[in-house]
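Each in structure tokens, the structures are laid out below.
Consider the two complexes below, in which subunit A is the common component and subunit B and subunit C are the respective partners.
Right, the complex of A and B next:
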């Protein structure tokens, strides 16, 4: 325990002098990095626009209110497309995530040396790239439209679902697997009766959780041309039709809230 | 022994229990889901000819990953990447600093009701709005450049971190906090010695996770003009320069992997 000698009395200190110095320099370095970053941001900012921002914000607000309510008749199909992108994307992702998860989990992978790293690479690379980027890429490859959006959402979700699922597989109770093995079950029977029942609740939870996130993400996919309500948003933004923009934002907010409510209800019922 | 008696003795064969116990609900869900799937597939019109044509380009893109071109557009890549990192660092610092008081305010067992409601409202607004939509609005208000991206990421960080921090504080051990209060501590001391040590490990872990998310999000903010690598990536896709796009994606994946590795080490140390 570090103590400080002062006037023949020992005073308790939390850290030794060396530890305090290291921490002090750590903080100094952190602050220096932050200040440097801020300077770079500040250098590439037109500060005139920033000082002007309150007026602009006020201007946009007066243009955007009230929302153009009768535009909602044109939003039915885009909302349906958005829902389809999210749901079909989630389903495709789950079909692909299950094998990847089984290959990535330590206790089910056929080969920890060769196959597991490949599965982990698939997980990390699909997870770290945003669905908008996947959409950009897919639009260049298979053309704009809802289909590109579905595939983009599906690819983005594989990594997420597979990661959560393989963590669930690694945490299963080994006793049940052993009991099934002791009955002389084959490899697939062990999978079906020893492992799957244990991860089914987690699987359902992950599916609904990801579906909720996908509803959010699919609302903006249209900004790059991948279908859904984002197409209307970007079209309205391009012609500066602010009353339409505000209506679309309200619709998106309501959709997000409903999906969050549904997902919370379903997860509450499962777990 | 008659057959009936034998059947009674054996009972029915074992069947796997259904995941949803209520049979009517189960069938309603299955039929509704199938009907939805059919409806969804009917409304997605896929231009299979276009998809087939695109396969060549898709294959070209996959091949580009084997020979990524870091060199010919390196200055663009570097400035975009630097801007992304700078935005991530600055926004994470500011977002975390702001989300701590809001997280305290959003915890029901610490904050009085009016403050609790205000903080929860801030969290709800921040979570309901997509990053990219916030970025569009902020670009319209503050002009192009990394400042809009920085503000977007800070805003998104507040919603994410405050909510999880508040939930953690609400789940903390009351006894420990009460003991500090009983020693006559002031409010700040109570927070500092009674609450903070209990939530600190999780706060550090969540902050690391959020830095990771912020970097991934900063990669797409450029699509709407809010600075970062997204603009460079978009240009590369538009010009069909798949080797440059592949290089950028590899860099993003690499940085995300490094961040994940780092956060794993830090989380293991604080817990």
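Right, the complex of A and C next:
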């Protein structure tokens, strides 16, 4: 915050001249990199396909409309599977995530030196691999089907739920824990009275949020053979049955909208 | 009843919060602990029930040295000491009744407390205490719906339902307005008298301490620099505890208030 003396007045500038120059060069460098990358991308693009895109898109649109409405009779079961994959996967994930979160939170972990790093490793490793990849692995291990989908969703969600939950645990008001400790409460009572009531809203929020995400993720699991409506989608795409594809997309859209509505309602009710 | 022997607390940073404190609190005596911020008042109270582990020295409650107890015995000892906090430290999302009953956690098993199946005698006592502090109609409200003064009353009930011998009170009035502060101080001292409880009350407000307690202990830089009657707190003494300031005004005000209180 430089202040310059000029004609008896104190002129205030946000930055010194040096700082402004550094910033200016920073922006210049940014723009230069952007232009260079643009050029690279442009050079390696087959422009014929791009110019052709609107025509093709229009072609697919005319093939896909109107959706094949009577195909809906075959979609009930797959969309039900998808919902089940998401719901069961979320429930299993939550059961695993709660202990992991308590082991990972700095204020509840039994050992910050040994156990916390292990818990953090579980969180990072399950979070960093996409559920589609988990599904591919699990199909190889336990064979294709809904069960592989459930487990894939569950593993993928452990890290996500545990991370958000352990952050909530670390942010609790320590005064309440202290007060419960001072009554002579045991370790588990301190947890049940001092910690759990404080993180319950966060827990419920995380649960419905992840369930909502999992419904979207489980719609694509079928693409690799892990059950649900994705199976139908990939089958229809393979035979270029565009009217079926459009109907499936509509069904997915409706399912996702309903799940978002439910999760918004639940979150609203908790707070 | 409570005796501190050379109680010392040195934090990891090397700060000496308490320097070999010796203090005797007889049964049923209420004393105020005054001193500037950072003098070690909170640390001292927390060292007594070992929310903060003392570095050395002893805390003798009825001749049992609390600093030597294992975790099970410490839990039993903590039941004898009710604690009241500055920011009330109620479990905000539980009801008033649950908060009061949580004072019994040291006496009931995990599943009983988890399922909220407290013995009928505890529930009766909770209702009696809530009635005593005038909050019976609030029993079913959630703690975060209450005002500051009401929350502190719930905090007092939670400490008393432990059936303690000693109250550890950490800045009970620091978050309250002057009128509520006096009401809370009056309530605490009255309840101590009714039940023959000893209490150590950390307090910022010297005038308030002088109004309500028979004994004042002044702490400065982790050492006791004053121990005596509230009337003995002359400007010189206050300067010794807190540092230079025009104390005449404060003390005069106290006398005014005393007259007002007597009326």
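By definition in this document, the second predicted complex is superposed on the first by the 245 of 271 C-alpha atoms of A that agree within 3 Å, B and C clash if a C-alpha of one lies under 4 Å from a C-alpha of the other, contacts with A are read in each partner's own complex, and residues count from 1 in each chain.
Here is the rule we use: a residue touches a chain if its C-beta (ideal position, glycine included) is under 8 Å from a C-beta of that chain, and two chains touch if they have at least 3 such contacts.
Note that the structure is predicted; figures quoted are calculated from it, not measured.
Undergrad: By residue count, is subunit A touched more by subunit B or by subunit C?
TA: Comparing subunit B with subunit C, the partner touching more subunit A residues is B.
Undergrad: Does the superposition put A:182 against subunit B (first), subunit C (second), both, or neither?
TA: second
Undergrad: Given the touch rule stated above, what does A:200 touch, subunit B (first), subunit C (second), both, or neither?
TA: In the superposition, A:200 contacts both subunit B and subunit C.
Undergrad: Considering only touches as defined above, state whether A:9 meets subunit B (first), subunit C (second), both or neither.
TA: A:9: touches no partner chain.
Undergrad: Looking at the overlay, does A:81 come into contact with subunit B only (first), subunit C only (second), both, or neither?
TA: The first partner, subunit B, only.
Undergrad: For A:145, using the defined touch cut-off, is the partner it touches subunit B, subunit C, both, or neither? Pick first, second, both or neither.
TA: In the superposition, A:145 contacts subunit B only.
Undergrad: Both subunit B and subunit C contact which residues of subunit A?
TA: 193, 197, 200
Undergrad: Under the stated contact criterion, what part of subunit A meets subunit C in this complex?
TA: Residues 173, 175-176, 178-186, 188-189, 192-194, 197-198, 200-201 of subunit A touch subunit C in their complex.
Undergrad: Under the definition above, what is the set of subunit A residues touching subunit B in their complex?
TA: Those residues of subunit A that touch subunit B are 33-34, 37-38, 40-42, 44-46, 49-50, 53, 56-57, 60, 80-81, 83-84, 87-88, 124-125, 127-130, 132-133, 136-137, 140-143, 145-147, 150, 193, 197, 200, 204, 216-217, 219-220, 223-224, 233, 237, 249, 252-253, 256-257.
Undergrad: Give every residue of subunit C touching subunit A within the complex, in rising order.
TA: Going by the criterion above, the answer is residues 49, 51, 75-79, 81-83, 85, 87, 89-94, 102-107, 110, 113-114, 155, 158, 162, 168.
Undergrad: Residues of subunit B touching subunit A in their complex?
TA: Subunit B residues touching subunit A: 16, 19, 36-37, 40, 43-47, 50-51, 54-55, 57-58, 61, 82-83, 86-87, 89-90, 93, 128-130, 132-133, 136-137, 140-143, 145-147, 150, 216-217, 219-220, 223-224, 227, 230, 233-234, 237-238, 240, 245, 249, 252-253, 256-257, 260.
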